C-alpha cells in the first residue's frame, strides 16, 4: 500500500534489466515517532523549564551522603525480610512453573485446549504490573510481607513458565521418542529426555528472576507489602535523608553480592 | 576386550564418580535457606474482610464503571491511560538519552578497563535506587504530576537499557569496521555505515522491551503523585469503589496487552531486518 | 516371531504407507529391509513396536496383536522390543552409563526417575551391556563427547539392557562413515549370533545389507517386492527395486 503512494524507483542496469528500488520507509517511521513523542509531551504537560532546576535534584542526592551508618541495625531486619520474600516467592514460582509449563508445551501434551488455557493464565499473570498485584494483595491479605510474597510469586511463576515452555518446545524430541520406544510413560520420558536439555536455561532463568525480584521487593514495601520499601518510605516521609542513604547503600551492596553469586552459578551451569 | 570377565565390570563400577555427596550438600544448603526464608510468611489467613474484598474486586472487573470508561475528558479512563502511556514513552526516551552515551563509556572494547568498570559501578548504583525514590526526588524539582513520573521512570530505565546496550556494543563485529578502515573510510563513515546498522536494531529492540516494563511501572507511579493511572487506582481502592477499580484494571490490561502486541510485532520485524 | 497379516497403513492425509504386507520373521533371523526413500521401510519397522499404528490388518509379535495395544499395555509390550535410531537419540548432556540405564526406567517409580536414583543392579547390568559392545571405558563420559560410531554403540547397549528378543534398527549406520558403519554392523552380527536376537533393520546401503543379513526384504511404494535369502538377490531385482518411476 505504501508502495502505491510512493512508487518505487526504477533503475536500469547495464545488462538492460530493470530493477525496482523501493522508497525507504524510514522517514515515515521517524515522523510517526516524533508525533507520538510530541503528543506524549502534551499529555504529560512536561515542564522543560524545570530542567534548569536540576541542581535541586543533585542537592537532594547529596543530602543522602554521607549515609547514617548507625542506622544499619534498623535496616538489617527488613533487608533480610526482603531477601527472604524474594527467595521464597521465587522458589515457589520456579517450582510451580514446571508442571504448568509441561502441560502447555505442545510437543509433550498435545491437548490444544489445555495448552491454550494455561498460556492464557500465564499471560494474565504476566500482564498485571507486580505493584498493582501487590497493592491488591495488601487489601486481600492485609499489609505485610505475605502480600509481597504473593505478588512476586505470581510474577515469577508466569515469567519462568513462559520461558520454560518456549524452550521445551524447541528441544530435540529424538531422545523422547527413544524413551517411548523403551516403554517409558510420557511423564517419565519428559524427565529423562527433555528436562536435562532444558535444565541450564531453567536454572539460568530462575536465577535471573530471583535477582530481579530482590530489587523489586524493595519497591513493594512502598505499597505496604513488607520488606525494606516500608522503612524507606518511612524515612523519606520524615525527611531523614541520611538514613535513606544508608538504606540505599545496603540495598546496593546486597544486590551486588547476589548478582555476583548468581553470575558465578550461571557460569558453572552453562 | 569384549565380553570378558565380570571382574572388569565390577572394577568399572567402583570407578564411578561419587558425586552424590556434592549434590546432597547443595540440597541441604538450599533446604536450609528455604526454611529460613519461610519465616517471612505470616499467613493470617484470608480474613473475612479480605475475602470480601477479593470478591468485590472480581465483581468490579465484570461490572466495570462505565461512566469512567466512556468519560473522554481529562478525568476519564482513556485520558488517564493515554497519559500513563505517554509517561512510559517519554520515560524510556529520557532513559535512552542518558543511557546510550554512558553505555559507550562502559564498553570494554571501546574504552580502557578502569573507566568501563567505574561507569558500570555508577550504573549499578543508579539501577538500585527504586523508581519511587526518584519520583520523590524529582517532585520538588519539576513539581507534582507527570513530569516527575517521566524523570523517575527515565532514571530507573537507565540501568537496564545500559546493561543490554553494553552487551550489544561488546558484541559488535569489529571485523566490519576493520574492513572499512582498509577501504579508507573516514570515522564518520565508519560510524554511519559500520557501527550504526549493527547497533540501531538492537537499540530499538531494547527500548521497546523497556517500554513494555516502563508502562507497568508508570501505572504505579501515580501513587506517589507522579501522574497517570496510579493515583486514581489507589483512591478507588481505598474508597472501596470496586466498579471503578474494575474499570481501571481492565483498562490497564487492555493497554498493556495492546502495547505488547505491537511491540512484539515490531521486534519481529526488526529481527528479520 | 513377528507376523504381518495383510497389514496396511494409510496416513491421515491419504498417503499410502504400507499396502497389504504379509511377512513372517522367526526368532534369530537377521533381516535387512531395502528400498528407496519413502518406500515404506521406516513405516514397516515402526509398526512392529507401535510407533506407527496400523490402519488395517493384524501384526503379531510372539502372539500379541500389536495393532490392538494402547497406553499402558503398549508400553509394557515395548519393553520387549529394542530400537536403534539413525540419529542415536541419546540425551546429550547425560553420561553414557545413565543413557544406557534409561532402559530400566519403566520399572522405577517417578520419584526415583526425577532424581536419577538408579540401583546398583541397574548400574551393573548397564555396565555389562557397555562391555558387550566394547565401550566399557566410556561409561562415565558425557554422551555428546563421543564420536558417532561410539554413540550408536551406546544406543545398542541401551537396547541390550532391555534384554529384549527383538532388535529394530531404523537406518542405524546412515550417519556414520564407511569404516565405523562396518564396525556397528559387526556388532549387530555378533549380537544376532551370540544372543540369538532377531535383527530387523532398515538400510539404504545395499552392499552392507547383502553382506550382513541372511534375508532381504525389498519394499517399493509400500509393497513387498522381494522377500528371500540375500544370496539369491540378483542385479535385476535390485534394479527393479531402485528404479525411478517415470
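Going by the order they are written in, the chains are A, B and C; count residues from 1 in each one.
Basically, contacts are C-beta pairs under 8 Å (C-beta built on N, C-alpha and C of every residue); 3 or more make two chains touch, one makes a residue touch a chain.
Model, not experiment: these values are computed from the prediction.
Between B-C and A-B, more C-beta contact pairs are found at A-B. The most central chain, judged by the distance from its Cα centroid to the centroid of all protein Cα atoms shown, is A. Here the spacing of chain A and chain C, counted between their Cα centres, is 47 Å. Work out the mean CA point of chain B and of chain C, and you get 50 Å between them. Chain centres here are Cα averages; for chain A and chain B they lie 5 Å apart. Against chain A, the residues of chain C that register as touching in their complex are 49, 51, 72, 75-79, 81, 83, 85, 87-94, 102-103, 105-106, 108, 110, 113-114, 155, 158, 162. In the complex of the two chains, the chain B residues touching chain C come out as 1-4, 8-10, 12-13, 15-17.
Every residue of chain A that touches chain C in the complex is listed here, in rising order: 174-175, 177-185, 187-188, 191-193, 196-197, 199. Interface residues of chain C facing chain B in the complex, by the touch rule stated above, are 97, 120, 123-124, 127-128, 131-134, 136-137, 139-140, 194.
Chain A contributes residues 36-37, 39-41, 43-47, 50-51, 53-54, 56-57, 60-61, 81, 83-85, 87-88, 91, 123, 127-132, 135-136, 139-142, 144-146, 149, 215, 218-219, 222-223, 226, 229, 232-233, 236, 244, 248, 251-252, 255-256 to its touches with chain B in the complex.
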